[in-house]
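Note that the chains take the letters A, B, C and D in the order they are written out, and that residue 1 is the start of every chain.
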Amino acid sequence: MNTFGNIFRLTSFGESHGEAVGGVIDGCPPGISMDLEFIQAELDRRKPGQSSITTPRKESDKVEFLSGIFEGKTTGVPIGFIIRNNNQHSADYDNMKDLYRPSHADYTYQTKYGHRDHRGGGRSSARETISRCVAGALAKLALKEIGIDIKAYTSQVGSVRVSKAYTELDLNKIESTPVRCPDLDVAQEMIKLIHEVKSTGDTIGGIITCVCTGVPVGLGAPVFNKLHAAMAAAMLGINAVKGFEYGLGFEGVQHRGSEINDIFYGTEDGKIKTKTNHSGGIQGGISSGEDIYFRVAFKPVATILMEQETVDKSGKDVVLKAKGRHDSCVLPRAVPIVEAMAAMTILDFYLLNKTVHI
Amino acid sequence: MNTFGNIFRLTSFGESHGEAVGGVIDGCPPGISMDLEFIQAELDRRKPGQSSITTPRKESDKVEFLSGIFEGKTTGVPIGFIIRNNNQHSADYDNMKDLYRPSHADYTYQTKYGHRDHRGGGRSSARETISRCVAGALAKLALKEIGIDIKAYTSQVGSVRVSKAYTELDLNKIESTPVRCPDLDVAQEMIKLIHEVKSTGDTIGGIITCVCTGVPVGLGAPVFNKLHAAMAAAMLGINAVKGFEYGLGFEGVQHRGSEINDIFYGTEDGKIKTKTNHSGGIQGGISSGEDIYFRVAFKPVATILMEQETVDKSGKDVVLKAKGRHDSCVLPRAVPIVEAMAAMTILDFYLLNKTVHI
Amino acid sequence: MNTFGNIFRLTSFGESHGEAVGGVIDGCPPGISMDLEFIQAELDRRKPGQSSITTPRKESDKVEFLSGIFEGKTTGVPIGFIIRNNNQHSADYDNMKDLYRPSHADYTYQTKYGHRDHRGGGRSSARETISRCVAGALAKLALKEIGIDIKAYTSQVGSVRVSKAYTELDLNKIESTPVRCPDLDVAQEMIKLIHEVKSTGDTIGGIITCVCTGVPVGLGAPVFNKLHAAMAAAMLGINAVKGFEYGLGFEGVQHRGSEINDIFYGTEDGKIKTKTNHSGGIQGGISSGEDIYFRVAFKPVATILMEQETVDKSGKDVVLKAKGRHDSCVLPRAVPIVEAMAAMTILDFYLLNKTVHI
Amino acid sequence: MNTFGNIFRLTSFGESHGEAVGGVIDGCPPGISMDLEFIQAELDRRKPGQSSITTPRKESDKVEFLSGIFEGKTTGVPIGFIIRNNNQHSADYDNMKDLYRPSHADYTYQTKYGHRDHRGGGRSSARETISRCVAGALAKLALKEIGIDIKAYTSQVGSVRVSKAYTELDLNKIESTPVRCPDLDVAQEMIKLIHEVKSTGDTIGGIITCVCTGVPVGLGAPVFNKLHAAMAAAMLGINAVKGFEYGLGFEGVQHRGSEINDIFYGTEDGKIKTKTNHSGGIQGGISSGEDIYFRVAFKPVATILMEQETVDKSGKDVVLKAKGRHDSCVLPRAVPIVEAMAAMTILDFYLLNKTVHI
């Protein structure tokens, strides 16, 4: 069950302190030019140690492709790839072998599997998400050929939030600040807050907003496999995510139908569009041709550099003081992961949609 | 793609104004006693016309089981079932054949499939959810045998909300009011609001909270198939749902890790529990043994009994005035649907978890 | 796991002596004209009681479609259908409730599920295959639109066999004889043999040959999902089937590569064809554009109208004398089932192949 | 679609002349001791260059495990692994870039994907099967813990065949001869035949028989997912396989029901067994507790070291003379591959069967 997708599929493997993380990308269309520079740049966006507001763990995070590529292009057969782990400080975790860190997966993994690699969180570490960024980068390259673009940004850290709608922002400025917020004033406040939280050894959560443009009408299936249901599963599959909403989301429950129904109109060139897009680009589970946008809530990461009470495997009280190297706020590094999962989902549903008609 | 689940699976069929809706339940454990009275009662909870705050469409909604049951018990082979449609007013939709209702699936279905049954929303109608209630009722019967209970309630309508946590409410009172809110004072306000909205021909959204108790440790898989990712997909697969959050959800992003980490302690009888449950009963994608709770946001339904501008298939401006019989607020009838989807998801992951060990 | 297919999918339900058999066809392309006469004719080909060489059980076998069809055409949403059972003689099976019929599924079902419907074989009865014929008929209608045709015939009964290759036969004569063998002389011998076997209360096996013409190049996936691997699974999924071979099959193992390699040549209109087709229309798991042909081995059905030793549930020796109404040779009625499974497989892979390119 | 299995799943990648072949094993139960010596020995059984009757291509075929193992045991999370390719003679294939080798996948791959790695057959090379042997070895280690054993042997090469049933052979002698035939006299004839065929540059086919002992009652699902249907798909998924039969298979079609029905009897210790096992250990798609046995037909490999006519991409006639290093008879090296696929299938269905009861 470590496979994501129906047609374009990523099967991922790897633990935080194992030999390598990696995966197999299956169902990638043939003939996509491998822009290795772009792919590496995507990995660098989620890399630890990229700025003063991320964990200092240093990983080169160089991806090695092992199959599925010939003469610089994908061939349609599976693309195997690995990224070696090389900056593990496994000894940092020796004292955690037999205790359960609060709000971590230690207890549930141990109970489910009976035997686990505890070092650095093992399989539950967000280090695994590097495989998603590789597959997501490939998905983006494929989507680019059909005019689909996906951009995510940090729209809230703690209670510091962007009040403008995405349509009022210049999304090309996302990469201008280390926190990946295109509203530059708000970005400065976010960075300040993260530094303050970091200085206390604590952590803080936030929200990422994602926008998919150029998605054609028709992606998604009725009833269970609605496009937004798949997108929700994709996002909730990311570490530390606690919520998902699209279009007006939770805020929309307070409105009346007459206020937020999206009114259709015909364009001069014969297309059908809507005057507003409160629906978030999806109607009845199927993309409408309008922008798809959604928001993803991240809790503060569980590892804090403060003393915490907990228990060991036998249930005895102990006090934990984490060492390791950790992020005070995962949002900036989670932006490319949100994009990667969104790109895989959209490409998967794009390919799936080709099976509708004979 | 009209199949839900991995092991316990519902394949659903049927349109609003077709001959029947129904489905096939596959992977139901054998030996479950068919409590037909209970199953019918579940259907009656979502039935139209059950109170003054729901649509007056009258359907008997009697389920007929066609297979998979012998001597009053399930046999482990697929359970086919149908519910005849018998109160269609198809003529109500004649004027909608060639136009696109705002914020409905008409346009996206037409564009995707090229040919569709427009009557009553066809396949995109929430009438399909009756099949889910049948399968959900069976799932509940199976879960009952292992001590798992699932209860949902209306926690917000418009801006009228329950301010108490679910732990402070008596969930046995959910069915005491037609709006299915166990806080009886708030329930009266909700009903008042729905009546007021209804009198204007408008609609209103809301939030349903769901609580799963008795879920053992270990359900859910790492990385992609996290239990909450599956639950999110289940909920976003329900008509009109725009958001999902579990545990502290969106609100939790403002907190610091030190405030909301769930501290473990050992119980006197040797179990390991947490002092708080901000995580919502799931750690690292795997159930922790604490209550699982989550919230689901419903937009106001798109059909309003007011004039709306829209276009016809050719893109020409037209004015729409819906007839039909509709709900002003779907929340009361959506409560059993949320429970049904939750029950199917939990049972599916319970069965899946049995494959972990040899 | 009662679902067949990836994109075009049949989920089947129903037991021999239950209320009804039926299913849900998902992923059927929209816009296919429902030729109800053709569909019923397909069901009549597998119907019991159609000739002197089949079981005298009388079933009208009228299919009722419940969804997915509008104005005489498929709409792309799931097609639910049922066929009522109405000629059960359940009392014929009363004496079998507690014993295990030799070479039947009684013992394995009872052990696996603990509770089963024993009447008429329950779920293991070939009555379930009627659902496949419904879905297969729809698949044929869709395939016809892209020029693909599927024909099967009885090529061997006991040791009476057709010695000619399919290319030497007039496949339009398949329906000329009740045994469905287009070599009319051999057909007479087969019928004679079946009558003789029937007169003793015994049963006899045989082989069905199937030919798919007009299949374009490219169906099938490398490695695991080879087209012939899916076809083998489809065929072995039919009751009483014990073997599958395609192209030269088992006979080919005795040949040398130089004898049976299929030599390519260019046609005048720029196509690439092979001079021979020992490969059976598939190379490396992918259809080559040549005819796909394969053979399916059926054992003699297990129910014989003779005394047999066996045991009851407690393991005690008993003597069984089947009553019921049974086929002495299933081959004639299995011909449309083989075609149906082949049609579903080819259509499924045709649709799947559309996902390869962006 | 390069994933095999439902619960225990192998996702495979890699081409003949790429960087590496490998895969991800998902759903492997935790706590299985990694017997690396055993795993490597399994790979050595399929390794090229192991004897005078196999291809002289030399590969060390050392597997490197990258995840999913901790302290010498599996942890239940995915096991990534790679095997580097290091003895490619890609230049041998330069002259084949633009032509289609007879009875190879060149033409179908090129037509399907448009862009492919032609070197050494690329993805269609049997080199990929090394990944299956890794996963199969792990499956065998898991199956050993529950008393299931799987053994395959070469039972026919060309027309040289073992006439004894598997029950009359000493299966511990399979590895005594390089052709992997436990009937030592027949083995000598087979080897002689292979040498003779090899001396002419030609190739020859054959049959492998496989026996699974210790399989408990209950594996397999009714209707589509019969155990033997999955086994057939597994076997037809191996390169060069053209047929599959289990139990009496094709030969059994000539018998009458009264001759081959398997009669039940009760054992002294209260079990239920059958006097004969013509059914091949499966009844109604579900394992019966008797030995499962089946036969797999391999065509002669298509690459012959003789001149052959063919065409290039433009359809123009050319003459091909293969260089490369090839097997004259793949049977000896295919024995471990058949076992590996059988082991994966049995383990997968064993785990799946655990989901039946609550």
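The criterion applied here is as follows: a residue touches a chain if its C-beta (ideal position, glycine included) is under 8 Å from a C-beta of that chain, and two chains touch if they have at least 3 such contacts.
This one's a predicted model, so the numbers in the text were calculated from it and none came from an experiment.
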Supply the minimal count of touching-chain steps required to go from chain B to chain C.
1
Among the chains, which is located farthest from chain B on the basis of C-alpha centroids?
D
Distance between the CA centroids of chain C and chain D (whole Å) is 26
How many angstrom lie between the CA centroids of chain A and chain D, rounded to a whole number?
39
Distance-wise, how many Å sit between the C-alpha centres of chain B and chain D, to the nearest whole number?
46
Got the chain D residues that touch at least 2 other chains?
1-3, 12, 27, 30-31, 76-77, 112-114, 123, 222, 352, 356-357
Considering only the defined contacts, which chain B positions touch chain D in the complex?
7, 27, 29-32, 76-77, 142, 145-146, 222, 350-352, 354-358
If we count contacts the way the header does, which residues on chain C are in touch with chain B in the complex?
1-3, 9, 11-15, 18-24, 26-27, 30-31, 64-68, 70-71, 73-80, 82, 112-117, 122-123
Name, in rising order, each residue of chain D that touches chain C in their complex.
1-4, 12, 100, 102-105, 107-109, 111-114, 123-124, 128, 156, 158-159, 197, 202-207, 217-218, 220-226, 228-237, 242-250, 252-258, 260-267, 270-272, 274, 278-280, 282-288, 297-304, 306, 308-311, 314-317, 352-353, 356-357
